[in-house]
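You will see two complexes here that share chain A, one where it goes with chain B and one where it goes with chain C.
So, the complex of A and B:
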């Protein structure tokens, strides 16, 4: 049987490599942002939860960097390189100002990354597929935890209003991250993912609809400025 | 005559997850052992992808197996599928955890469901 990586078309290979790199770095930075609240959550339980979520994200990032080494035919170093290379989304480039902001990111961005990972659980590319089920399993808690906090905070009209602006920004960045319409089609066609960018966005929208509604927001309010999409880094331009 | 897989499993029994500490065999972290000639391959998984003891445990496995007479190359492969769940633990691990005050539920799906 031929090596699926060797027999992969160049465009499929480069798309997969960029996607994994982006996922790995965004998880790395998400872990870093979570860690800043591991000693600053509103309750002791919240701080401990964030400590565990930090551990998960950094662990996922390490495993994904291991996959990148494999994809590039490099020997596994076993050492995590924590340098930020430029793949990160804007929302992760600076600390979250409030706990409410963190909750918004957990519900609306962490879940976007998981939506992609879930689409790889059926992958025909074993090195990717083998790493995804455990990741999805661990992310179940992030989803549950984030939604519970969001519902709790959204009961207060004032907090709801504070959360609305970052929610729209995070949502826009997350939707853009899947890529413009038609993107990732070669990965779907080859069975590396079970969805292209449009399907991933649909799944993500279904996942977050109730969260947006809790914040008095509607999905229709999220408009991705595709003319500003940067295909090299799979994101909208970074904020100034 | 070289080493057998049974002998490798016996050696691995002494390797503990330092966080708990319980044998990695009893925890169900050892997914497979292959012996080919003098070379040994151990497939191991972890309770969490962010397990801070991954390197430590792998080093312990390599060190203990390498000390055995007649053992050549020792390879430790990290595997993630199928994901580890508390259902993979042997009763001895449950008993050991109970002594530390941790009760593993019979239907727990992950470490956090313990």
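So, the complex of A and C:
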């Protein structure tokens, strides 16, 4: 049987490598952001659960770096080999101001990363496929945690208002992260993912619609400014 | 109305093997059953449990008050 990586076309290979790198970096930074609240959750139980989620995200990140090593064909000498300043999504570059911000990111961004991971669980590329199953299993609890907290906080009009603005920002970034229409098509066509950018965005929208509605927001309010999208970094630039 | 309004205490029971009885492993404080299940799984993960259940403390009915029923019902440890 031929090595699936060797037989991969160059454009597919470079697209996959960039996507996995982006996923790994975002998961690493998400883990760091979670860790900042792991000792500051509103209840001891909430803090413990968040500590476990921190460990999950950092673990996923490390596993994905391992995949990058395979893709690159040489071992890394350390994290510095992978970390690129500015690679992660803008909303992860600063600590979350409040617990409500953290909940928004769990529901609207962590879930976007998981939407992509889920699309790789049927991958014809074994090194990717075998790494994603456990991630999806662990992320089920992140989903439950985030949605439960959001539902709880959103009952309060004042908190709902606090959450609305970051929710729109996070949602916009998450939708952009999948890429513009037609993006990731080579990965979809070769079976490396079971969805392209548009399909991933649709799945993500179905996943988060009820959360947005709980915040009195509508999906239609989310407009991605594609003219500002940076394809090299798979993100929208930070607002000045 | 406070943001963190209602919480309830749940008793957590688990067993390592199917033939063993469930035993009490601890408690969690949670706003609802779904969060109680999630917290129990995360906090009491020291074993590969065959089964783990949560029971609202308020649902436990003391056979007689002198068996400590009053403290269970009031939520005190």
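As a convention for this text, the second predicted complex is superposed on the first by the 228 of 240 C-alpha atoms of A that agree within 3 Å, B and C clash if a C-alpha of one lies under 4 Å from a C-alpha of the other, contacts with A are read in each partner's own complex, and residues count from 1 in each chain.
Note that a contact is a pair of C-beta atoms (placed from the backbone, for glycine too) under 8 Å apart; a residue touches a chain by one contact, two chains touch by 3 or more.
Since the structure is predicted, the reported quantities are computational estimates derived from the model, not experimental observations.
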Kindly classify A:63 by the partners it touches after superposition: chain B alone (first), chain C alone (second), both, or neither? first
Most chain A residues touched (candidates chain B, chain C): B
I'd like to know which partner A:133 touches here: chain B for first, chain C for second, both or neither. first
For A:141, select first, second, both or neither according to whether it touches chain B, chain C, the two together, or no partner. both
With both complexes overlaid on chain A, does A:52 touch chain B (first), chain C (second), both or neither? both
Jot down the residues of chain A that show up as touching in both complexes, chain B in one and chain C in the other. 52, 141
Complex interface listing, chain B residues touching chain A: 48-52, 55, 79-84, 109-110, 112
What part of chain C is in contact with chain A in the complex they form? 1, 3-4, 7, 28-32, 34-35, 38-39, 41-43
Partner chain B, residues of chain A touching it in the complex: 52, 54-60, 62-63, 78, 129-131, 133-135, 137-138, 140-141
Interface with chain C, chain A side, in the complex: residues 42-46, 48-49, 52, 141, 144-145, 148, 152-153, 156, 159
